[in-house]
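Worksheet: the structure to be examined is printed underneath.
Should a chain be cited, it is by its letter among A, B, C, D, E and F, assigned in written order, with residues numbered from 1 in that chain.
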Amino acid sequence: MQYFFQAMGARGDAKYRDLLMMTATEELSHIEFLGHAVALNLEGAPVSAQEEAAQDPVVHAIMGGANPRHILSSGLSAMPVNANGVPFDMSHVYATGNLVADMMANATAESGGRVLASRLYNMTDDPGMKDMLSFLIARDTMHQQQWLAVIEELGGWSSELPVPNTTPEDHEASEHSYYFLNTSLDEPTPEGRWTSGPSLDGRGTFSKVEKVEPLGQKPTLGKAKTGTATQAAQQ
Amino acid sequence: MQYFFQAMGARGDAKYRDLLMMTATEELSHIEFLGHAVALNLEGAPVSAQEEAAQDPVVHAIMGGANPRHILSSGLSAMPVNANGVPFDMSHVYATGNLVADMMANATAESGGRVLASRLYNMTDDPGMKDMLSFLIARDTMHQQQWLAVIEELGGWSSELPVPNTTPEDHEASEHSYYFLNTSLDEPTPEGRWTSGPSLDGRGTFSKVEKVEPLGQKPTLGKAKTGTATQAAQQ
Amino acid sequence: MQYFFQAMGARGDAKYRDLLMMTATEELSHIEFLGHAVALNLEGAPVSAQEEAAQDPVVHAIMGGANPRHILSSGLSAMPVNANGVPFDMSHVYATGNLVADMMANATAESGGRVLASRLYNMTDDPGMKDMLSFLIARDTMHQQQWLAVIEELGGWSSELPVPNTTPEDHEASEHSYYFLNTSLDEPTPEGRWTSGPSLDGRGTFSKVEKVEPLGQKPTLGKAKTGTATQAAQQ
Amino acid sequence: MQYFFQAMGARGDAKYRDLLMMTATEELSHIEFLGHAVALNLEGAPVSAQEEAAQDPVVHAIMGGANPRHILSSGLSAMPVNANGVPFDMSHVYATGNLVADMMANATAESGGRVLASRLYNMTDDPGMKDMLSFLIARDTMHQQQWLAVIEELGGWSSELPVPNTTPEDHEASEHSYYFLNTSLDEPTPEGRWTSGPSLDGRGTFSKVEKVEPLGQKPTLGKAKTGTATQAAQQ
Amino acid sequence: MQYFFQAMGARGDAKYRDLLMMTATEELSHIEFLGHAVALNLEGAPVSAQEEAAQDPVVHAIMGGANPRHILSSGLSAMPVNANGVPFDMSHVYATGNLVADMMANATAESGGRVLASRLYNMTDDPGMKDMLSFLIARDTMHQQQWLAVIEELGGWSSELPVPNTTPEDHEASEHSYYFLNTSLDEPTPEGRWTSGPSLDGRGTFSKVEKVEPLGQKPTLGKAKTGTATQAAQQ
Amino acid sequence: MQYFFQAMGARGDAKYRDLLMMTATEELSHIEFLGHAVALNLEGAPVSAQEEAAQDPVVHAIMGGANPRHILSSGLSAMPVNANGVPFDMSHVYATGNLVADMMANATAESGGRVLASRLYNMTDDPGMKDMLSFLIARDTMHQQQWLAVIEELGGWSSELPVPNTTPEDHEASEHSYYFLNTSLDEPTPEGRWTSGPSLDGRGTFSKVEKVEPLGQKPTLGKAKTGTATQAAQQ
């Protein structure tokens, strides 16, 4: 759905719209075979207290950890929920209208996806499931690559950062753009690529600020207005 | 909260944990001044039908688009909700335990953040708000850079892709790892960096598959089991 | 997504699975042109306080009612949210595994859909939008019909009710199955098809119960257990 | 709550309002005895690692699948959450203001309810729970019937379809109202009551369209507007 | 619903269960007249672009701020959503099984309710709405009182605090129970009833700790385990 | 987050703002050590079907009740979700702008927190976890006290009730402010502190109303308007 909504708002070169729409379609086929895999895996599950399987303690232990809604709500089929039964929701569709921000979101999603598939591969010992997961691991590899390849094609980090790269310079307080801020009470600053050397966009030089100093004064709100249903002591 | 939870699960070199925790703290200060800005901006808002301001048609038009819950629920203060009043929820905390997946999620979040701040800058004409936003735009620049700098320090894409880079090779059906799949009915394949040349991880070569062919057979589920509360026609 | 998940769990005659999957695909195309319609409608929207359009009071009034997240979050594109900006979530995917329950859910969804499209038709005066909506109104007509036609084909209400029609008779306290219960303090029973005559499934006769009588005793829970972190007065 | 909100918006003959309000009240009594049943079932549950029951491996296995929030959050009482602990939310209150759409939603809800109660009946072997469930199964039978009886009383499908039956004819592109659309790549059309014969509303004749043809041209969005915080390559 | 679920889990003296159940019923009647008030207020709202009212700029401005879903989704009726259209959800039912914690939650809810009703009273100039709100303001007064009166009847704060008052003394590190902790960098401690004098439960004396000192060592997680799909650099 | 948002909207004496902000900071440190405790507790958990631990039936039984997302989603780290895996969401941030309503919400939250910590203490037998929980139990004691101490300092219930105490008297139908309403069919009124004697605010005297009488007439909505997409029978 993320690729689908990004495609429907993709302004600029139309080939990125096509790229997004085609991979959106591919992902639907992945859901389709995952959904069927769930239904097939559940085919033999016990649904009654009288069934022999339900009385075996080992099965009982395993089913103790199963999702009861696979029996109660979906009748032994897949549901569009996570491993805790929490429904997926569309607030997770990241589609900003900014092509590079969207590509980063997509590469992130595919990284999370390949991490998840790799963990599932370790947790199962069913050969059919392992086959399916190794296919998904491979396609997630490609999808990570293709979204990052769009950024490379556009010019790479030096051209595309900071995102958005069209924000006018005078909209940015650029004296604050390239230092790492140590906000701890007394920990040393963690040193690395981000504390010295040229910035990734070639526009500045990394530095560090070792101690937070307040930049403005403490805010004060004053008395509450009459008619705001606050307590008398606040007005 | 995302940086905070990533920090609490950061395994490996402890400096990344510190980096995350310090920036988590910096972000809290940003929320703090955004929250105060909202409360200060709302100080003069009309709260009663009798107030003169509420009767001016122009104010009425503007307030027509305002969030009524700023009066009803929070008493002219900030609320932890989006511009539609939908509460933020913690399912958006992406923290996989995989350092590179997390860094990509963070760079993505800061890209979305800078896009949003840039749009808000355009929509306001209050100089104080513009000042505050130009500061946030600058810090989002740095934060995009620092998370991507972690990936560069670890070795860059050629070393860190695919994520996770510890998945054993035989867990991946690698014949499917580097082709772009055209899933359209009859559109041409969108050509680009992702359809030819070396892959970003240096492990393969991009290619394209112009037409989808089914890789397996059509799944069939058969009859429903007795006791599953399906219709007679299904059993 | 509802038709898609129902298809992946459809047990029994495989043609119902195909019916569901094909209409799921058709619905995706509807989302696609709705999404593009939104993006095209937003093409001219003002995004800056300086733009002339934003300063016209009439536009201001109209934009006052617009969704600010179309500018801030999606960059003038469609978002997977309702008219209040609340994200769609997958808990609304009704897929019970029971074919008739699912068909009723689908006919209900298409009824709500046609109600919504009819209301939108009334609210717009853009001819292009009216054209698109009249197409959607027509397809919703067909979709209502096709899901109800499945029930008719299976044998109609007399055969398929009550849902599920496989619940063994001794699992039902059938003396409670065909009376309407008046739960008001002293209102007369609303009379109709449901208070007399044969039941729709041909298994019983409708009647009415004019006054609620308690069927069991008042429940009492007694004292709270030690170790449950209740107050001393409860233990 | 669905029947309650439908009742509060029921326009037309007032007897449907009464019907809805009375059944809403009946449903509250069902929640009341379900809630007490949960609390009574949990009375003996172990709440401490020291209790003997908690150390029995069989109990441990069973409790392993129990909801820990029944101990932690509610102190051995019912909670308004599903079997995965996901809170119920009011977006599931379907109340369109259209009487037939609402009756279909209600019959659907009662079908899902009777499916669920039938599955729970199979899963328990406690005679008291079975008694309570057989009562609920019976009342769900009646409730399915009564909502469908309203539609029959109004004139049945031939009179009430399509929903809403007040949409003016010229708001509907009626050439698209009665064909089934095969959207697959090369599957045969699933034939049935919905591909030939008179439509259920008596207004048309079912047919089928075997192959999708694009009805319009491919949408193009063009360049992004300045000031929308997109990348330079998009503007 | 909160009072209803608390009632169903109320262990100890049964009169508190009755108190809760009766007020739960009273609250349902409040929803009922609020719901009807919404429907009646919406009776004259324009639903079509052609209606005269919809073309009046003042009405347009007002409707610009109205909830479009009252027309689109509910057909001019009440919906179970907040003033931003966000559905109510049952996670807000606070019912801990601890009587005093629940009474405090209820007094809090009624305080929020009376704050809201007072703000609505200020925002409307319709005499009928003001009448209804003044009744709700009065009942919220009583409900605040009655829940706090339960705590007073049980013995008041000196007896009932800390909640729960059955936690064994050796489960509490009581050296940390009565000091206020100043966690700021260099702000003075805000002095008040909570920094000196006897504690409200009569078990201790308030004091203050002016500066945070770490109580334990910095946590370290070490390397990630093989098989967790983390990056090579973490293992 | 609740204390943080209350602080950012705290109008009146600035010391309450500081009090809130400092305790907000303290709570963050509690999350920090809870989060690390989770990660450390999960260090040895089996992540693969091949590991010996995963094959031990007792471990299997225990892990059957574990949250699979701790392996799949977070890589053996804490997640911002409840014990059922439902993400926390910010709608639970109660911040009304009314100081006393907010203090009551906070005392309620700390009561729920101490109830939860006490129950967790009972459920674990790990000495390190017990140590940590006894510290949290102690701090929850203080936090309950400090929020209630603010109310005492402001003048106590007699001064601060009803909340808000600034609602003008003529906005309240005070003849309804001090009676308890018996809404049952025929249960006796539960007698107590709330049915006789002076009210807690000293403004009235408690009484009881034994039987509900309708205060207004039954609402009627009449016919539905043309153009609202209702059924013909409703118009």
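The definition used in the following text is that a residue touches a chain if its C-beta (ideal position, glycine included) is under 8 Å from a C-beta of that chain, and two chains touch if they have at least 3 such contacts.
None of the values given here were measured: they were computed from a predicted structure.
Under the contact definition stated at the top, the chains bordering both subunit A and subunit E are B, C, D, F.
Looking for a copy of the A-E interface in B-F, A-B or C-F, one arrives at C-F, which has over half of the same contact pairs by residue number.
When the CA atoms of subunit C are superposed on those of subunit E, the rotation angle is 120 degrees to the nearest 5. One finds 29 Å separating the Cα centroids of subunit B and subunit C. Averaged C-alpha coordinates put the centre of subunit E at 6 Å from the centre of subunit F.
Touching two or more other chains at once are residues 9, 11, 36, 39, 47-48, 61, 64-65, 71, 73, 75-76, 81, 84-87, 89, 91, 96-98, 100, 114-116, 118-119, 122, 163-164, 167, 221-222, 224, 227-230 of subunit E. Shown here, the protein chains touch in all possible pairs.
Within the complex formed with subunit A, the residues of subunit C that make contact are 1, 4-5, 8-9, 11, 28, 31-32, 35-36, 38-39, 73-81, 87-91, 93, 95-98.
Note for the complex: subunit A touches subunit E at residues 114-116, 118-119, 122, 185, 227-229. Contact residues of subunit E toward subunit C in the complex are 9-14, 17, 47-50, 57, 60-61, 63-69, 71-73, 75, 81, 84-87, 97-100, 154-155, 160, 163-167. Residue ranges on subunit A touching subunit B, taken from their complex, read 15-16, 18-19, 21-23, 25-26, 29, 33, 36, 39-40, 43, 47-48, 75-76, 86, 89, 91-92, 94, 96-98, 100-101, 104-105, 107-108, 111-112, 114-115, 118, 121, 130-131, 133-135, 137-142, 144-146, 148-150, 152-153, 157, 161-164, 167, 171-184, 187, 190-194, 199-201, 206, 215-216, 219, 221-222, 224-225, 227-230. Those residues of subunit B that touch subunit C in the shared complex are 58, 61-62, 64-65, 82-86, 115-116, 119-120, 122-125, 220-224, 226, 228-235.
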